[in-house]
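Each structure below is given as structure tokens.
Common to both upcoming complexes is chain A, partnered first by chain B, then by chain C.
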Partner chain A sequence: MKTTASARLGKPSKGNKQNAPSPVLKVLLHTVLWGIALLQIFPLVWLINYSFLKSGEFFGKSILKWPEKLEWTNYVNAFTYGSVPKFMLNSFFITMVTILVAAILSVMLSYAFVRMQWKLRKATMALILLGMIVPIHATLLPNFILFDWLHLIDNPLSLILPYIAFSLPISMLIISGFMETIPRSIEESAVMDGCSVFGIIFRIILPITKPAIATVCIMNFISWWNEFIMANTFLTSETFKTLPFSIMKFTGQYSSNYGAQFAVMTLIALPTVITYLLFTEQMSRGITAGAVKG
Partner chain B sequence: MRTPISASSTITISPRAKPLWKRFLSQWQVQAMIWPALIFIFVFSYLPMYGVLMAFQDYSLFKGFFGSQWTGLKHFEAFFHSPDFFRVIRNTIVISLLKLFIGFPAPILLALMLNEVRNMVFKRVIQTISYLPHFLSWVIVSGFTISLLSVDNGSLNILLQSLGLTDKPINFLSTPEYFWGIIVTTNLWKEIGFATIVYLAAIAGVDQSMYEAASIDGANKFKQIFLITLPSITPVILIFLILNIGGLLNAGFDDLLLLGSSPMLRDVADVIDTYAYRVGIINNRFSYAAAVGLFKAIISVGLLTMANYLARRAGSSLW
Partner chain C sequence: MHKLLSNRITVFWLVAPGLFLFLFMVCFPIAMSGYYGTTNWKGIGSYEFVGLTNYTNILFHDAVFWRSLWHALLLLAATLLIQHPIALFFSILVMHSGRFEKLFRAIFFIPAVISIVVTSKMWVSVFHPNYGMLNKILDGIGLSAWKQDWLGDPQLAIWSIIVVVMWQGFGYALLLYYAGLQGIPKDLYEAAELDGAGRISLYTKVVIPLLTPMVRVAVVIAVTACLKQMETVFLMTNGGPVNTTQFVGNYLYKTAFSSSLYGYGNAISVVFVIICLIITVVMNKAFKKDVGEF
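And now, the complex of A and B:
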């Protein structure tokens, strides 16, 4: 199944003009789709809206409460009492190290699979791809015991290491799929000019593979930025906690500061939503490359 | 691909008799490319599978894996006879099937509808918006779901009351009867856009000349959808279906843990995975949790094999 970028956007099918759907159907279709879009976007608008409300404004008789004026106190609270800057830095550090190492390793791995001939190549590739079906939560307990033994509990490495391991199969699949389309002649001439293997990878393959690497990095960023269960299991002290833990600072047993909670949620969502909106094209390319066989 | 480094191999007299480590050295580039990644996956994805062996012993953190006593099938028996068994299995299957029946056809429907839209900007906007929730973490989704459904001033209760459908606010998240509906709805909301993109890509790959021929023959839009579009994307639909059936015991994890954490909901929210997580990591019954996990894995492999067998007979398969 070949899908080019233009085809995925849905080239309008030609030749349907003569039996175009009736206007009633068209209006109905558009109404239904607008309804779906509205339902999909409503909670997000609601979330941002509420993050700007004063604590007194929550009570009222309307579904959406527009703030009278933008109230930044919630964000100030989030930053001061919720340790948002510290946790956000932790999240950024952990995600960035993960996607960087995962990208480098999967480029090298893909190169070895696509361009080199060696014994057990097929078997190794299958072994790595099979890693995709290992469920993350099945590894929680054994990894917990492993990290406990290595004294890595409550260390950023206890997140970075498994994050990298779980990023590799899909990253390798996407990058090697892209690499197969690169003509060999460039590398051949580089070898003639005396370029080493790593010279080829870093000076020739890396620049050409950039689009695929970008796709992989964005996908990994979004999945690990949002990860919570592993972080909740392997981190115990304040020092290394990631952003989602900020929310818990505002949930008490008897009273909760909802405004600050919504502010933190908005702050967590913001980087992923912005990344998604900026790179929609790369995202959907990655999804279709990974999910559609052929 | 030999490079200057392999000069070290000149020391050896006969290339055939080269010891393993020297051969390894002479190929250091290839080795350096493969081993780091392989070690990562092996240690953190595959090695944890040794954890299944804990199911057959009385694992203790102090004695370690080799010091712990082997106990055979004790923990499996304990799970089968425990009062939780029936409840956990029922919840797993019911939640999973509900997600399948509602979450599986919905993206196909949305993709078919989006495909009929001629206005590219409109189509793009709808597609982008419907895909957006996929990128939010469950921490956020469950956070605002709890607030939207809350008793005191949740928007849903306000809406229901203003429409006159209820007199007093409903405590949605403490009422077991509503829980499955809430889980299915939030999952549908979050994930509908993801599969839609894949189906749209598949639909875009359908040969356009078939539609032209069909419309010349007088087939209307609905006939074209049923006779051309759907049959053309059947392979993709089947692959998704196989994966879904194979994952029948994966009823969800983050969503159930975050939305169903209240002990009042345990009767309807406990599935195999969350149950194993709770007894394993929170109550420290490692071996028992491993037995529960292994039981699930065995059934899942069986289901996947069965689904793939059925799909192969239908002409499409995973392997």
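And now, the complex of A and C:
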């Protein structure tokens, strides 16, 4: 269809060129793309490479180094002296509780905002959406005093509560956007059968909104797994510290074990990178949806 | 159905948990900041009310505060003038990269999902004056004269930070533009082709103008992200040397916890939130002008 049209117009090459670029251009395109891709990924490669080196091997001339033998001791050190398993468990616990509660609360809020009819609906929704503008750093100082009053300093709740609160605006935005596309007829028939609103939400809406909930959970997982400032401010003892703190174990005042530091950094980076690679599509959809609506 | 959906008690139980948590963890702390911002509290002991002195000092006498905002502006300028055009260009390239499309998208985004603790540590080692990779590369290609103390030089440090932030956010900007490109119907390309538009004019005259809505979204996100910048600076330079890389979030943290000016730090928090709110509202108003549908 298209070729005949362009042939008729006497420009046969134009249409073809668009679909099949010349080989030179194609090679150039791929070189440039691979170049930047390498720049983006290089630090990760470097990180993993150095996590297998002996501390003494660090200060040579070359940038990447083939290790004489894989220095697994770095990882052993990370697991023993760096308390990686303990800190990782803390990180997992805090992040999981956060994303679960945030998902449930966002679904409830979204349902109230999308389907229910009440007076302050719009105002309440606007108020929560304002939360996307508030920088988390502005709440660090007052929350420190607040948690001090409530004896929550050095308690996982001092992270879980603000994490959930700051997850709500964006999560609610994405889930309610999805909910608007669900036809009302399903719920109407459920009401006929005598289902309550909570029954509708948990038996009908929850299964349908699964894709949106998954997106929200993955996004929240990545942002809270990586959160550092609040963890650094509100946690003081070893008991509840999260994963990033295990690096600090190897940056002593007198000696630094670089090999183990790199091993720890690799261990911190891997969970989010793997999660992202497994759920690339959901992440991308969530980010663009959240961005466009916000 | 209607009766069920306007039941006030149901609405209350749906909204209350989320809203209460949000008010308690986001709004209440800001109000607390407003209160402590009017005192000269040092973090311990008794304090006096000083009225609006803290606020007027921030706005009229605090050079570091304005400098922090200036740095956010520099970062924003670099993001919009360097990162975004490159991201836009690469999103177009990625679209044409055939079977590697997904792979490239994933690779470009990976830095954005890695913990800032890891990336900052990594970049600190890259910039290290003696052992850092950057100076090693300069040595390797015979440009030893260009070697610098990248993070220790008051003139250079802010630019080193800007490079790191741009590197980490690159995939995010690319993802937004890529999503924008996906939203442009394929037949528009074909129509432009039929009209005899060359490849370059196809993009400059047809595609990029159609991307305007997405560009606006990306700009709004960039502005808030630049204002809220803190972690990278906190972990790489902590605002130094002598506040040449200071950002508002880091400044208020330092003021309260290192300089023990808790009241003053809270006042900065409040001003910070207000600035974020004003800028976002102004931008949304300015960008509200409707764009053509396609």
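Criterion: the second predicted complex is superposed on the first by the 262 of 294 C-alpha atoms of A that agree within 3 Å, B and C clash if a C-alpha of one lies under 4 Å from a C-alpha of the other, contacts with A are read in each partner's own complex, and residues count from 1 in each chain.
Everything below uses one rule, namely that a contact is a pair of C-beta atoms (placed from the backbone, for glycine too) under 8 Å apart; a residue touches a chain by one contact, two chains touch by 3 or more.
All figures in this text were calculated on a predicted structure; none of them were measured in a lab.
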item: Overlay on chain A: chain C relative to chain B, clash or fit; value: clash
item: Chain B versus chain C as contact partner of A:P43, first or second or both or neither; value: both
item: Contacts of A:V216 with chain B and chain C, given as first, second, both or neither; value: neither
item: Touched partner set for A:I175, first chain B, second chain C, both or neither; value: neither
item: Which of chain B and chain C A:A138 touches, first, second, both or neither; value: both
item: Touched partner set for A:A263, first chain B, second chain C, both or neither; value: neither
item: Touching partner for A:D148 - first (chain B), second (chain C), both, neither; value: first
item: Common ground on chain A, meaning residues reached by chain C in one complex and by chain B in the other; value: 2, 9, 11, 14-15, 18, 21, 29-30, 32-33, 36-37, 39-41, 43-44, 46-47, 58-59, 61-63, 105-106, 108-109, 111-112, 116, 118, 124, 127-128, 131, 134-135, 137-143, 145-146, 161-162, 164-166, 168, 172, 191, 196-198, 222, 225-226, 228-229, 233, 244, 247, 261, 265, 268-269, 272-273, 275-277, 280, 284, 287-288, 291-292
item: In the complex with chain B, residue positions of chain A that touch it; value: 1-3, 7-16, 18-19, 21, 25, 29-30, 32-34, 36-37, 39-41, 43-44, 46-47, 50, 58-64, 105-106, 108-109, 111-112, 116, 118, 124, 127-128, 131, 134-135, 137-146, 148-149, 161-162, 164-166, 168-169, 172, 191, 196-198, 222, 225-229, 233, 244, 247, 258, 261-262, 265, 268-269, 272-273, 275-277, 280, 284, 287-288, 291-293
item: Complex interface listing, chain C residues touching chain A; value: 1-2, 4-8, 10-11, 13-15, 17-19, 21-22, 24-30, 32-33, 36, 90, 93-94, 96-97, 100, 102, 104-111, 113-119, 121-123, 126, 131, 133, 136-137, 139-140, 167, 170-172, 175-176, 179, 189-190, 193-194, 196, 198-199, 214, 217-218, 221, 224, 227-228, 230-231, 234-235, 248-249, 252-253, 256-257, 262, 265-266, 269-270, 272-273, 276-277, 280
item: Contact set on chain B toward chain A in their complex; value: 1, 3-4, 29-30, 32-34, 36-38, 40-41, 43-51, 54, 61, 64-65, 110, 113-118, 120, 122-126, 128-133, 135-141, 143-145, 147-148, 152-153, 155, 158-159, 162, 189, 192-194, 197-198, 200-205, 208, 211-212, 215, 218, 220-221, 235-236, 239, 250, 253-254, 257-258, 273, 276-277, 280-281, 286, 289-290, 293, 297
item: Chain C-touching residues of chain A, taken from the complex the two chains share; value: 2, 5-6, 9, 11, 14-15, 17-18, 21, 29-30, 32-33, 36-37, 39-41, 43-44, 46-47, 58-59, 61-63, 105-106, 108-109, 111-112, 115-118, 124, 127-128, 130-131, 133-143, 145-146, 161-162, 164-166, 168, 172, 187-188, 191, 196-198, 201, 222, 225-226, 228-229, 233, 244, 247, 261, 265, 268-269, 272-273, 275-277, 280, 283-284, 287-288, 291-292
